[in-house]
Amino acid sequence: MNAFKDSEHLLRLAAVFVVGILVFLVIRGFLVPKSFGEYGHYRGDAISDIAARPVNFAGHETCEGCHSDVLDKKKDGKHAHVNCEACHGPQAKHADDPATIQPPKLDTAVLCVKCHEANAAKPKSFPQVASADHSSGMACNTCHQPHSPAISGETK
Amino acid sequence: MSISRRHMLLLLPAAAVAWKHVLAGTPESAPNYTMSQHWWGMLIDVTKCIGCGNCVRGCQAENDVPDGYFRTWVERYHVTDYDIENPHVDSPDGGIKGFPPTKEEGGKNFFVPKLCNECADSPCTQVCPVGATFISPDGVVLIDKKYCLGCRYCVQACPYGCRFINPASNTAEKCTLCYHRITKGLTTACCESCPTGARQLADLKNPNDPIHEFLKSHSVQVLKPYMATHAKVFYNGLDGSVR
Amino acid sequence: MVPCDEQCNNRCDGRYGECFDARRRLVRDMSGVEGFMYPNEVELQWSVLIVLYPFLTGLVAGAFILASLERVFQVQAVKPTYRLALLTALAFLLVAPLPLQLHLGHPERSYEMYLTPHKTSAMAMFGFVYLWYLMAVLVLEIWLDYRHDIVVLSQSTTGWKRFIYRLMTLGSSNISPGALAVDDRVGWTVTLIGIPSAFLLHGYVGFIFGSIKANPWWSSPLMPVVFIFSAMVSGIAAVMLLYMLMTWSRKETIDMRCVDTVASYLFYIFIIDFSLEMLDLIHRIYEADESFRSLDFMVHTKLYMSHIVVQIILGTVTPILLLALTQVLRLGEMARKRIYALAGCLTLIGIFAMRWNVVIGGQLFSKSFLGYTTYKMSLITREGLLVAIVLTVLPLAILWVLVKLLPPWPEKHSGALPDATPAH
């Protein structure tokens, strides 16, 4: 009896702790997102949140769906495997509404050198030129057709 | 071509099925995508990279990457002769504007594109205190922007330097392997933009994916294999000097 | 890379687009980057607040270990510092989460660490270690030790103070010898559990760094051990200084037997701490793995002042030598007090420098081992120097309140407990 009386304050403290833990567990039940733990230790809905992001690049298959004529021109040339948007930039909005949104006309004077300017770090087999010497300032499409860049009369 | 025929043709390719969901912006992934059927990775062929920076620009355009931060970037290496342990490396603005002419023409020069390695045993997901970053069932390491505290522990834990804190959202961010694209049958923005095919998305669970044949017939490496992160970005032609 | 701006008197070759004129680069390159860093590494992730955090928790662990010396190991000489050490630990422990909250990108989401802790994350587990240490060790021990005084004060004071004390009694006013005996036994057990808990509290902080395999400056099994021992050193030095300062301000005489004993413990633990740090250094130099050249260069250039000069020479070797003097020579009381005060201050500066060198130093070099960046510490932002200073001073303000609320020492002359009337 005496021992109980002398430890009673400890029991009060223990009660405070227990109540605290219970309150925490109740609050936790409300606050943890419902989809948490669905696939692992994370919010399952996060996957669909991330997958829902709109795209900006249409993808070459979508381009080729309408522009099959360009595809024909490209398929036997050196740029056969260069995707449309590698040069034309992201065109998902254009694919969505082709009549209203038109891709800007590209300036070959600045576009082509991004890949083809000579640089010692590029693979030796990659076609590259020192543009100042090669074309003396002329735009590349003066001689080359970008969709099939080989100059006619030469072997591909 | 009339408008209606164009729309007809749009419906034909497989990606067009997903395209409707793309336009609608609905939260569910495309109907014909099951996570457990895929295990994503990437193949990078260093022998083909020309350092044009298309991938860096394409990624920024696709994912609204803030200026000065990089979900992917390209490094240029200059290695003199036998001195593999002391390469000269640069990456001006991550290679986003390409590279200036290579000054040192002696020795070996090449470009190395880098991105998140989508590690199967990623140290970044291990250290996240709340479960805001995780590996999805289809093998892509993702970040839950709504749950991330911005404690930066994951940024410290990544051996490859591919993570950063987005100053607009104050949460961690990194390459998502364009998850929003690959779940709709499209390829990543960087692979789409790459003119030489140096970057190729790979689905290791797809028996028809060309990566299987490639891995069997080439010597490939991963970055920092001693970190044992089980990286899923494979490099063909990676030099020993690459950090 | 610094682009050529054609202002450099032909040193630059405009064709390459890059500036190779060293002086011009220094003027124009504000990035602070030397060599090559991965593009996302240039900006430091963890600021001075994350330097402050292990410093504060270290003081907590160290102060508690000093308190446990008396309670568990029966070192009677240090009894005058017992209660002060506990209150000091509490004051610093209460402030410790603040630098963490301030550095988070989303502090309003920090509760997630308690709701969905990721069991593989040392940081998540630390949230619970902190809570355990605060509630089940420190607050419990303070409550048990002060309960008698709390009950007396709850009956003798008036007004809002009375309310606070009554709250702290939890409604029980039993201070019979039996109850106090129970308190004493339970308190002893709590202190006993508290010792490994204190090691866990600060060892965990060391583990948070030591378990990052991506960072060779941090990754080491020695890291938790070094953190624990440097924590003990800083905590003991802090309590020693606070005891001397507060006794002097109360115009009481400093118990030299107490201070001599505390200083000797400081000395012994310092030797162990220094040995561990030297072991780490020697091991690195000997093995010279791939990170060594880069780290070695960093220590000799960017970290020279903070590591070699402040941490090692001023902050470790000097205090050890000063304390050794007091152990070896028979010095007068005045001389010993002065040496203890100086050694204590240098120790605290040195241990802060150690945290700085670990946290900031670990982010100054590139994981490619090919370059370095600069820490640009801001002044008045959320993670700036001003905030760091405020957070260092805040625990002292809290300690002042705690000392007023729960006085560590009885009034010398009356022999009775201090009453509730506010002093000065």
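Order of writing sets the labels: A, B and C. Residues in every chain begin at 1.
Just so we're on the same page, a contact is a pair of C-beta atoms (placed from the backbone, for glycine too) under 8 Å apart; a residue touches a chain by one contact, two chains touch by 3 or more.
Please read these numbers as outputs of a predicted model, since none were measured by experiment.
Novice: Among the chains here, which has the CA centroid at the largest distance from chain A's centroid?
Specialist: Of all chains, C has its centre farthest from that of chain A.
Novice: Taking contacts as defined above, which has more of them, B-C or A-C?
Specialist: Most C-beta pairs in contact, of the two: B-C.
Novice: Between chain A and chain B, what is the separation of their C-alpha centroids in Å?
Specialist: Computed value for the inter-centroid distance: 8 Å.
Novice: Roughly how many whole angstrom separate the Cα centroids of chain B and chain C?
Specialist: Taking the average C-alpha coordinate of chain B and of chain C, the gap between them is 41 Å.
Novice: Centre to centre, by mean C-alpha position, how many angstrom separate chain A and chain C?
Specialist: So the centre of chain A lies 44 Å away from the centre of chain C.
Novice: Show the residues in chain C shared as contacts by 2 or more other chains, in ascending order.
Specialist: 115-116, 118
Novice: Two or more other chains in contact with one residue: find those residues in chain A.
Specialist: Residues 36, 41 of chain A each touch two or more of the other chains.
Novice: On chain B, where are the residues touching two or more other chains?
Specialist: 101, 131-132, 147
Novice: Quick one: in the complex, what on chain B touches chain C?
Specialist: Per the stated touch rule, the residues are 69-70, 73, 75, 85, 87-94, 100-101, 103, 114, 123, 126-132, 147-153, 155-165, 169-171, 227, 243.
Novice: Quick check: in the complex, which residue numbers of chain A touch chain C?
Specialist: Within the complex, chain A touches chain C at residues 2-3, 5-10, 12-13, 16-17, 24, 28, 31-32, 36, 41.
Novice: Considering the complex alone, what residue numbers of chain C touch chain A?
Specialist: Against chain A, the touching part of chain C is residues 111, 114-116, 118-119, 135, 140, 143, 147, 169-172, 174, 176, 178-179, 181-182, 186.
Novice: Which of the residues in chain A end up touching chain B in this complex?
Specialist: Touching chain B from chain A are residues 33, 36, 39-43, 46-57, 59-62, 64-66, 68, 81-83, 85-87, 89-90, 92, 95-96, 98-99, 114-115, 117-123, 126, 128.
Novice: Quick check on the complex: what are the chain C residues that touch chain B?
Specialist: Contact set of chain C toward chain B: 1, 3, 13, 15-18, 36-41, 43, 45-46, 103-107, 109-110, 112-113, 115-118, 120-124, 127, 208, 211-215, 290, 363, 366-370.
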